[in-house]
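Naming follows writing order (A, B, C, D, E and F), and every chain is counted from residue 1.
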Amino acid sequence: MKWITAIIQPFRLEAVKQALSDVEVFRLTVSDVQGYGRQKGHTEYFRGQAMQVNLIRKVRLDIAVNDNFVQPTIDAIMKAARSGPGGKGQIGDGKIFVLPLENVIRVSDGTQGGEAI
Amino acid sequence: MKWITAIIQPFRLEAVKQALSDVEVFRLTVSDVQGYGRQKGHTEYFRGQAMQVNLIRKVRLDIAVNDNFVQPTIDAIMKAARSGPGGKGQIGDGKIFVLPLENVIRVSDGTQGGEAI
Amino acid sequence: MKWITAIIQPFRLEAVKQALSDVEVFRLTVSDVQGYGRQKGHTEYFRGQAMQVNLIRKVRLDIAVNDNFVQPTIDAIMKAARSGPGGKGQIGDGKIFVLPLENVIRVSDGTQGGEAI
Amino acid sequence: MLPGRSKPIVFADRVFCLLAAILLLGALLVSSAPCSAGVVKPGGAWRSPSSATVGDAVVHPTIDTGSTAWMLVSTALVMFMIPGLALFYGGMVRKKNFLGTMMHSYTALVVICLQWFLFGYMLAFGKDQYGLIGWQPGKILLLGVSPGHLINVGGSYIPETVFCVFQAMFAMITPAVIAGSIAERMKLRSFVLFLLLWSTLVYDPLAHFVWGGGWLHQLGAVDFAGGTVVEIASGVSGLVMALFLGRRLGYPNQVIQPSSLALALSGAGILWFGWYGFNAGSAGAATVVAGAAFLNTTMAAAAAAIAWNLTEWLHHRRPTTLGLASGVVAGLVAITPACGYVALWASPLIGLLAGVICYMAVQVKIKIGYDDSLDAFAVHGVGGFLGMLLTGLFASAAVNGIAGLIEGDGRQFLIESLAALSAVAYAAIGTALVGVILQKTVGLRVSEVLETEGLDMGIHGENAWDTGAVPELAATIPAGG
Amino acid sequence: MLPGRSKPIVFADRVFCLLAAILLLGALLVSSAPCSAGVVKPGGAWRSPSSATVGDAVVHPTIDTGSTAWMLVSTALVMFMIPGLALFYGGMVRKKNFLGTMMHSYTALVVICLQWFLFGYMLAFGKDQYGLIGWQPGKILLLGVSPGHLINVGGSYIPETVFCVFQAMFAMITPAVIAGSIAERMKLRSFVLFLLLWSTLVYDPLAHFVWGGGWLHQLGAVDFAGGTVVEIASGVSGLVMALFLGRRLGYPNQVIQPSSLALALSGAGILWFGWYGFNAGSAGAATVVAGAAFLNTTMAAAAAAIAWNLTEWLHHRRPTTLGLASGVVAGLVAITPACGYVALWASPLIGLLAGVICYMAVQVKIKIGYDDSLDAFAVHGVGGFLGMLLTGLFASAAVNGIAGLIEGDGRQFLIESLAALSAVAYAAIGTALVGVILQKTVGLRVSEVLETEGLDMGIHGENAWDTGAVPELAATIPAGG
Amino acid sequence: MLPGRSKPIVFADRVFCLLAAILLLGALLVSSAPCSAGVVKPGGAWRSPSSATVGDAVVHPTIDTGSTAWMLVSTALVMFMIPGLALFYGGMVRKKNFLGTMMHSYTALVVICLQWFLFGYMLAFGKDQYGLIGWQPGKILLLGVSPGHLINVGGSYIPETVFCVFQAMFAMITPAVIAGSIAERMKLRSFVLFLLLWSTLVYDPLAHFVWGGGWLHQLGAVDFAGGTVVEIASGVSGLVMALFLGRRLGYPNQVIQPSSLALALSGAGILWFGWYGFNAGSAGAATVVAGAAFLNTTMAAAAAAIAWNLTEWLHHRRPTTLGLASGVVAGLVAITPACGYVALWASPLIGLLAGVICYMAVQVKIKIGYDDSLDAFAVHGVGGFLGMLLTGLFASAAVNGIAGLIEGDGRQFLIESLAALSAVAYAAIGTALVGVILQKTVGLRVSEVLETEGLDMGIHGENAWDTGAVPELAATIPAGG
């Protein structure tokens, strides 16, 4: 089992969720994060004073998957998370991290392991 | 050492925290997340137009524990996180994920490993 | 590759970010969390009624690094995250957790592994 | 400590004892009362338009555009208090109940408005029946209120329409205040029925007793802007309803995190602003009495805020912003019955007392453990009662013709006390009756699941704030939507 | 289903047909009209200050301080509606467009203010030219408005400056309402130009037709506070602009999460408060007509809120807070033309109808699928039209000298219908013209990237709320800053 | 670049030089002044009620209900500016200081209210002593203010209570503006003492100089609604206090993320609304002067907003919403002294200048690097000074009897300049004195730890918003609570 953490652009969330459904990954946890990366931040103004804001809003997905779902999940995210003209992808579209996962337990009935995912 | 990530119902947080104290797990990190899972979302209305909101508010707990604390921690969460009549547990009560943890360092004094948890 | 998760004091974020830049760690993901730990919470008042709030606002950093960057990253955080008089560190300054990381994929161009970090 | 769910029976018992005592005291005073019914006192006349109407037949009155302008504005200001109250209350409850709590204020506004139109105005200000109620079928649906009809209030003529709508606002805001006591746990359906029943059975008669020419008016009781009718009535009724409903889940072990003190404070600011219409508008005209009421209102609010902040600073070393806001409201409440009768030096004193005493009343609540969520009783009930007593104490004949105890008129003080006690008793009994009716029929309280989820999503299917992660694309219309 | 981008040509076609029909009906009525031009009807006179000015030459009028006070306050209240509208609209759009949406309201306030100063006042209220427009070069830059000049409005004298600035507020808020239709996707530059063009080509002439002594006024049409000039004009123009702009990205598949219904509700509260200046202030004086307008406004707002909540409860079992707020606005819109003419019993009826019908109009929009973001058309357009018809139906001579259909004057009903239809046609054509001009020049719509990012950051470089993680130290000045 | 903590000594030096220059100029003008003391100019009379009181003895004046109505409303409107200011300022500071910043406004409201009651009113409007201060022990505690007493202001009679409370609001809001300069770092205790000292030593005398019959009034200086007394005084004093306090931690390297521009913009909307009471209310009556002041206020605010937005658009291509709000305030500030004296065409001009110049003043601050947190100096100080000069330039005898430079009266222009300079000098010296006293005693600044934590939690033990994760159950009462 793997723990896949993906950082994506907020406005691609809906598309990614759809793509994941298509490969039968229905469960995931979403959270609000901010990232520093290659992408430049934006400039805000306060009474004429420029402020460079480098933290950029991103969405984090955490998805626990069985091993045979790892590649489909990565592929689905890769495809759907790309933004820009023609969906060719651009700086800031994010990254996917794969961590080992040792166990999963479902709270409601105590089911463990791959079955519980 | 393990890194335990649990996704639970927000209104069970207090009970879970209490249960963890009872097994002498006093330190944890809490964050606000939203989840897609088996649980259905709710319907919101905007001037008569129904909107299906599938992301459901959950609470995420991250707890670093020494190996001998893993099972007590899981048990405590399992017991306290269950909602519904008679605390029998119902869809949406969440999941517990166990990841390997290689090291912990306390910032204030540099203590490392199991001692620092 | 490692996945480093650090919980720090919110007001040390800027210093930590600076220290990380100094050791050439430029990419990271930041999120808002709340923690229970050794540090005591604060007391709020509502019409004369005291409320003990134990959850304390913290900032969580997630940083994926190649193995040779692990120690510099930890050192940089350790140094910059310490607060209190003389920067000697005090309770509540947080912890650094190191988890194994199996793979990284960059969304925009599909680069994998250490190169993609 | 009270049990989670209260025992209205025991409570009713005590209320009846109180009532008996009041009736005795009342009988005593009435028997010694000069024949003041119908007598028009300067600055007090406006409360009984029916007597003013008598004058209409004789001369053709001219509209006083200045007083009309002031009363139009005052009415708008009182209306604006309701959105202010919604913010004040909404900011104090949990995030998940923000809209549900605002909705209580707004519902009071719209529902009572129609009740007033249908028959509320008639019950309060129709022709007096034995000092108990107004009755004048011609005023049902406001049919008998001619748009061109002028009435003499506060010494000058304004359209009856203006008087009618000014009074409507008072009828609306009073039960909106009660909503503070039942916050975070009452059924909406039940609250709407409560509004209708309570307004009809409690507010309208009480307004008639004091302002519509009823028995308290005949007795000589004065209440400038509603210490009894509005403040005591809402505070006491709030307490009764809080006891009927029982405590919120988790109270008091899990304390409630207020959703937004910044907005609560803004709501208090709006309340203060609107209260000028409420208090100085109660002069019924743009006169020297209105000016004195305005200045007194300002002083009392400021003094009470300082007193509350100082008291809590002594108590726990934290002067809070909610404390300032609460003090402001306490001061405004206490000066409400007094503002048009007391001398300028008295109002800061009234404010100081209100700030300290209402703060203490909240602490008593915390000790006892009943759950009057937003302290309608401790602030409005206690503050209104205090205000009535202090009106009887400090009233100065130079201001508006009424002398109080310090000017030697002990009788006026007794009458004010009686009026306050009567309002307590009447509101308590009336509300208990309404509470029993609702409890036996539609039920008062939402389910535990709904209470946990919050009123906003549970009743309204809405969120007060989009605070969630990734808001942009979280919602889609279902296939069949 | 309409395509994402509309076809203004087809639309314009239909509008021209409508216009032809109206012209015919109009000709018919005009030919049968009594010679009413310039005749000053009681309570209606104030709308043509030019005729009042004639009187000035003869006697030295005295200022009525009461009416002046009321009109000063009313003007301030109407101004305050604009921040209220900004909150109402801002709370309904997505978090990323909160400031951009508020900005539309505030921009209307400041830009139209100067347009009014430059020539808007002259176009609307200058000397009448063939019933079509005002023209009086002396009033450009308000040079001809002497600070000491009094005019007779509503039967008493007030300074012309007050009349001028009261009317200015109406000119400002009308296009601010339109902004609800184009929310979340229009260029700011284009919106500013829209304001100037639309106000000059649509609002000012329409205000002249109805209130400035123009042809609708001459025909005998009455519109107390702007059912045509403000409500129909803004609603219909909003619809036209929504069609020009096309739908927001993702609409209607991804529904919009409102950023803050709590603030939207507060905005509605402010709107209600300010509407008293709008409606009762339209009496032009502190008179019995103002009183009736005030009471009618209150009743209609409350009734419409209840009606909307009940309708949606029947529809989907959820009485929403936004529903209450929307009902309030619908009721206020519908009573706007009627409030100074109808009897008190009619206003709750008008409110009830407005609540139900405007709710339905929103559902029709959802069915058809065009994207009038915040329903300016369904609420203001439909509500204003309804209000005009009901004015013609329910006007009561006892209130303000105008009898409607139920008092037997079918002609007045026809005139009101004609005025409403004319406003629809004139606004539609005028706005279509403005839309075409802007589309061919600066363009209407922001880029997709900007729309995705949101107006706040994309146009203004600002965030409405600091909701982010770790706010404290997230921002630093760049080296060159 | 200034050091983190300023050197008040050097500053005081410069101020004394300035003072010397002013005294010379003043002496020059005084020696050439006609004997105007006590002379009641039309439209200017109301500022010295003492002279009006003289008239009381002779005839029995009648209350003007219209003017009284207007002044009651104006007073309420000015009061409402304070919650508006709290939102405006609160929205601009960081989330952690929202309540602490709002608290400054509200504290000014309640603390100064009592100071005014105790002796402030007497100092400002008591019997004139050598043109420097009012002194009339009978007015202490307002004992000598009889509720029935009428005074002649603006040509008609209103109750003295109304005049007193109207002026009280001015005394409250002025130091509330100063709070913008010391935001996010001042001790609450110290701020309360500052309020009392500053109001007594700076505000009350200044109000007396200009409006209470003091030396500037005798010299013939006019200041319609407070360009000197309110705007220059608050702006300059704000600057002085900002220098005393030094910069916020991290400023200017870490820029401050405003907590809510949406609320800041709403606060500006409320300020605009309330400013009508402030400016048009300063006519003291519902007259043509009030009408002109109202219209001028509107035009100037709008023009300044546009000017600010255009200037910043030229500067960095982003028209911001905070820019619009700031422009509005700058315009309102600049028109404050002028609104009742200048012709209608002049006000948009004044607004345009204010928008551009105040924007530039902010940029100068950024360059120099001192930390006037919310720009009280750049907006109120600079805008007020500009407004005084432009009053001297544009005053038109046709409006209110005062001719300015463009109508050939160079002397009036000089007097206005002198008044402005005197206000600068007096405020600077007085505030420096207060600053030194506080610094030597209770201290001005919170600890670094508290500043880092934020005023809300650090001083008040409260949070402005419940934005945290999992709010519901995060709080429990401690065992001993």
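Some points to look at:
Here, contacts are C-beta pairs under 8 Å (C-beta built on N, C-alpha and C of every residue); 3 or more make two chains touch, one makes a residue touch a chain.
As the structure is a computational prediction, the values presented were derived from the model and not from experiment.
Counting every residue number used by either copy at the chain B-chain C contact, under half are found in both chains. When the contact pairs of C-F are matched by residue number against A-E, B-E or C-D, more than half turn up again in A-E.
Remark: rotation between chain E and chain F after Cα superposition is 120° (nearest 5). Spacing of chain B relative to chain F, judged by their CA centroids, is 53 angstrom.
Chain D and chain F have centres, each the mean of its CA atoms, that are 35 Å apart. Centroids of chain B and chain D (each the mean of its C-alpha atoms) stand 46 Å apart. Residues of chain B in contact with two or more other chains: 11, 14, 30-34, 45, 49-51, 55, 99-100. Residue positions of chain D with contacts to 2 or more other chains are 64-67, 69-70, 73, 252, 254-258, 318, 320, 322, 460-463, 467-470, 472-477.
Every residue of chain F that touches chain D in the complex is listed here, in rising order: 63-70, 72-73, 75-76, 79-80, 82-83, 86-87, 90, 98-99, 102-103, 106-107, 109-111, 113-114, 117, 141-143, 145-150, 158-162, 164-165, 168, 188, 263, 286, 459-467, 471-477. Within the complex formed with chain B, the chain A residues making contact are 3, 17, 26-32, 62, 64, 99-110, 116. Within the complex formed with chain B, the chain E residues making contact are 252, 255-258, 312, 315-316, 318, 320, 322-323, 326, 359, 362-363, 366, 375.
Chain contact summary for the complex, chain B toward chain D: residues 11, 14, 32-34, 42-45, 49-55, 57.
By the touch criterion given at the top, residues 45-51 of chain B touch chain E in their complex.
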